[in-house]
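Read through the structure below, which is laid out as structure tokens, and then see the notes.
As written, the chain order gives the labels A, B, C, D and E, with residue 1 at the start of each chain.
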Amino acid sequence: MRPIDDSPIVRDGKVLILAMDHGLEHGPVDFEPVPETIDPSTVFDVGTHDAVTAMAVQKGVAEAYYPSYEDDVNLLMKLNGTSNLWMGEPDSAVNCSVDYAVEEVGADALGFTLYGGSNNEIEMAEEFRKAQENARKHDVPMVMWSYPRGQGLKNDRDPETIAYAARQALELGADIAKVKYPGSPENMEWAVDAAGKVKVVMSGGSKTDDYAFLKQVEGCMAAGGKGLAVGRNVWQRENPTEILDALEAVIYEGASAEEALDR
Amino acid sequence: MRPIDDSPIVRDGKVLILAMDHGLEHGPVDFEPVPETIDPSTVFDVGTHDAVTAMAVQKGVAEAYYPSYEDDVNLLMKLNGTSNLWMGEPDSAVNCSVDYAVEEVGADALGFTLYGGSNNEIEMAEEFRKAQENARKHDVPMVMWSYPRGQGLKNDRDPETIAYAARQALELGADIAKVKYPGSPENMEWAVDAAGKVKVVMSGGSKTDDYAFLKQVEGCMAAGGKGLAVGRNVWQRENPTEILDALEAVIYEGASAEEALDR
Amino acid sequence: MRPIDDSPIVRDGKVLILAMDHGLEHGPVDFEPVPETIDPSTVFDVGTHDAVTAMAVQKGVAEAYYPSYEDDVNLLMKLNGTSNLWMGEPDSAVNCSVDYAVEEVGADALGFTLYGGSNNEIEMAEEFRKAQENARKHDVPMVMWSYPRGQGLKNDRDPETIAYAARQALELGADIAKVKYPGSPENMEWAVDAAGKVKVVMSGGSKTDDYAFLKQVEGCMAAGGKGLAVGRNVWQRENPTEILDALEAVIYEGASAEEALDR
Amino acid sequence: MRPIDDSPIVRDGKVLILAMDHGLEHGPVDFEPVPETIDPSTVFDVGTHDAVTAMAVQKGVAEAYYPSYEDDVNLLMKLNGTSNLWMGEPDSAVNCSVDYAVEEVGADALGFTLYGGSNNEIEMAEEFRKAQENARKHDVPMVMWSYPRGQGLKNDRDPETIAYAARQALELGADIAKVKYPGSPENMEWAVDAAGKVKVVMSGGSKTDDYAFLKQVEGCMAAGGKGLAVGRNVWQRENPTEILDALEAVIYEGASAEEALDR
Amino acid sequence: MRPIDDSPIVRDGKVLILAMDHGLEHGPVDFEPVPETIDPSTVFDVGTHDAVTAMAVQKGVAEAYYPSYEDDVNLLMKLNGTSNLWMGEPDSAVNCSVDYAVEEVGADALGFTLYGGSNNEIEMAEEFRKAQENARKHDVPMVMWSYPRGQGLKNDRDPETIAYAARQALELGADIAKVKYPGSPENMEWAVDAAGKVKVVMSGGSKTDDYAFLKQVEGCMAAGGKGLAVGRNVWQRENPTEILDALEAVIYEGASAEEALDR
């Protein structure tokens, strides 16, 4: 098993994943704030920024667009996902096999969503098991989108829930855990501690203003977080390069939000 | 992966699929307007028209009739489908394996229905995954019938729903997306944009008069659509050759509906 | 794929299947009218009549009794079936694999029930797919018992339903479709037309008097039907040879019911 | 396929199976009448009696105790079974694979429960199919515990139900059918007839007095039954040897209950 | 099959399993009493105590931390487990395959939870079967966490229920059964008897005071139990070495609780 720090998706022990699976998860409505983002090439162009260590997309987008970017972008293939037309308990279809992702499309890393607390948690955990053990054979890291959701979850941003989600990523064998930001550096620290050797990154969430967003990322890093997985908060901006420059400062150089914005 | 434009089912980047799986999906009642169409040979004869780039049928029909037409027709094997006797949430049985379709029956392309929003969406997406990845091994293109339907879908012709359907085809790895016409070229353009490099074709729907039908197809092409998948609107006419001549003009030569009808 | 007319279960393009799976499907009560029929040997003896082209039984009966009859009877292994103790939506367990039927027991043909319209239709269709594609590898014909039944079916003898059932057999890849007789030669003709190249045979149903029964078979043949799959209407008679003689005349020689009874 | 009469679990065409899966099916409470029977060795010792042709146990018991008895006892591995803590529709987990039973533990025969009429009947029948076809490969006989039970079954000792159960064993491919005693030799005869070439044995049921029990076995044999599968009625007695001596007389020597008790 | 007493996880026929899967089963809240236990290294350090014959953890924890301890700790890989966010009937996802556990991570033993009486009991028993038979191939012992729970279970500490749980472990093929302590040595003896050759260990449960806890363990050993599987009652103490010293005396040296505390 190759150390996660030797993976191309890690830079100085840190990670910035640019996600663009919103067309599947949320629908094309997510591209309306910046209409040209409906064209995946636009977001792949953004992904060539040095701050970005991997782009997370679904199989079809990778097949169609990644060949033009494989020299400049590391591919994180998101293995499962589903549309929000789905009305059942939270669940996620496995849309890509590990073999196909690694051997045919050239993925550098793999991503998998687990909805802890959903009535489909057990099925999803078993699908994760198969993917994770196969990922190990290919020596490719596994990122878990660890999102408690569904029956019985009243507050998916409760600090204990987020810490539990981070721990699930450790217990089940992920290398990186993507969790929602639990509101404060103290809460984030609990999640980071619970994850042990697993790197915790916060998810970017819906678009907020630059300062508020960078302040959260600063808090995440201060708490021992290892970075960010972000989509809308980057490519729903008119100038994504600016915010990526700032994120680069906060994540890799330890800058504060204020310092990053002042550069 | 062979470029889709090099596939025999594509002509000058465009596609006209003649579908005849109505005996399974709707029952023999669909053949009543032109009774001889109950004999698949009749429709295969229509499919030899130059405008038609592929015929879409179920396995049994292909086994029994395609051998007589394999020199004149490209076969698009529809892999799933179900009768309308089915009363459950929208779903579609996988009636043909990819290996059998390609190796035993000689399919040039494969078709698969996805009912986004159905309680069976996730199962169908996973069946699609297996078929799609196997299709790639055989280097045969995959056409998705992307039809949101079922619990929670109030309006399956809502423009956003159609654009979402087209995007699902891209995200999940189809080469061609068959969607319902969303009512206007502007709406169709949204779907075309959402599908990125995936070709979008409109579905023909139930029979309408020549002008109305051709005007829709003209609108589809103007919006960047790449053609049509049609059944009843061709073979429920007394003279299908006439409408195919007109469709050929609109789809491959850029004619307007009026021009095509005046020829 | 060997032409169905070259199969040992076809005689001059026609078929007479003697079925005896009633012990499973209905229970031993079906043998009470002629008590010795509870012994499968009795019915196998009947099956040696020249008019019979195949005997349809379940695996266990074939294993135990067919070895004594393999020179005189063609074996049609019924692959699925279930008891009427079952109270769920219509469904049928797969009781025999294709490999076992053909390689170990020596089946000349295979039979499979599909309950279109049942909540289990899709699962059954997928089981049929696997059996049918494997049957093709063994070059053994597949007979579909196509019986719409279950939720949503109000009248399983409605002519349109029967024609739909026959069409399902064609679309899904059967060689022979067994359907209920829809009441008149005109209705039967619709089913025959809908089935295209697939041979349609009527099912014998519960016991009726000789004339009424033969008249139905005559109507079936006149409509283009290719024969009969019959159980109780033969072996629930005291003298099954007489009715088989008459059926031979109607099915293979084109006799009317009256002519057949006058011989 | 080796003739069942050549199997080590058959003696002169007859069978006496000593079952001890009660620890799983009923719980340790079944051992309370004779507390030392909680130790499987005690019952294995009983099983060395000449009258016993096979001992039926679950995998774990076989693994732990059979090695000490393999020279003196024939092993019938019960492949499925479940605890009575289970509150769902009657069902039975497959606790042992055929390969493991035969190749690793040395089973001479296999046993499988089918709950006809349960909502799990179809799943159980399909599990039986896989086990039965694999058993044939190993040339090991298959005993079906054929116990209609569950939704829709009002009376599981109704003579027609028992005859149906016996017939299911024949139709599905068992070699021996274990059924409940239907109350009289006449009713048992119906079951025996329905089973055709399949040997029918009665199940011993809960403990009764010597005479009543032996009288039932006598009735079973008179009706053409081939023996008994018994547990509590043997090892819940203080002196199991006595009742086995008597059973030996009734089953293999055709003695009446009275004769057997007088010896 | 290697005798269980030759396994590295057994010392003089006895077992002390230190479990730390609480991060998955209960969440990070279990680490709050001794905050540093959130770091798995802390608990692995505890596990190097001579009294501990194996540490039970989930796959991810083993992958990340076991390599540093493989010379000093025997690994018991817990194969299934689930979070308490799960609101369905008791169930447990299979999070690790046997092959992966043994071949890739170096497990010395395997653990599996069975919730007898749950509506998922049958599925879990079948998953256990596959794991157990594969474990035999690798000659690695199998420990069953046998915990009746779910629909129909009113009292999971009822002595009969605990004895039943122990018997299930025997019948299904475990080597060691972990059960809850049923309240008295007499009750524990019933469980020990019911388990036959299977070693029974009590589960440590939630934290109690030293004397009460050691008295239970003394009672377990007196009843023929073979040890303990414990988590919180060890690592939720400030000085886990002290209690392990005492447990060593009680389990391996036959000391009473009082003697063990007086040392």
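Here is the rule we go by: a contact is a pair of C-beta atoms (placed from the backbone, for glycine too) under 8 Å apart; a residue touches a chain by one contact, two chains touch by 3 or more.
These numbers come from a predicted model, not from an experiment.
Undergrad: Tell me, which chains sit next to both chain B and chain E?
TA: A
Undergrad: Could you name all chains that are in contact with chain A and with chain D at the same time?
TA: For chain A paired with chain D, the chains in contact with each are E, in label order.
Undergrad: Enter the angle, 0 to 180° in steps of 5, of the rotation superposing CA atoms of chain C on those of chain D.
TA: Resulting rotation angle: about 70 degrees.
Undergrad: Averaging only over C-alpha atoms, locate the centres of chain B and chain D and give their separation in whole Å.
TA: Each chain reduced to its C-alpha mean, chain B and chain D end up 57 Å apart.
Undergrad: Which integer distance in Å separates the CA centroid of chain A from that of chain E?
TA: 35
Undergrad: On chain D, where are the residues touching two or more other chains?
TA: none
Undergrad: Could you list all chains around the ring, opening with chain B and heading toward chain C first?
TA: Chains encountered around the ring, chain B first and chain C next: B, C, D, E, A.
Undergrad: For the complex, which residues does chain C have touching chain D?
TA: 21, 23-24, 27-29, 31, 38-40, 58-61, 63-65, 81-83, 85-88, 91-97, 100, 104
Undergrad: Given the complex with chain E, which residues does chain A contribute to the contact?
TA: On the chain A side, the touching residues are 1, 116-117, 119, 121-123, 125-126, 128-129, 133, 136, 148, 151-153, 160-161, 163-164, 167-174, 190, 193-194, 196-198.
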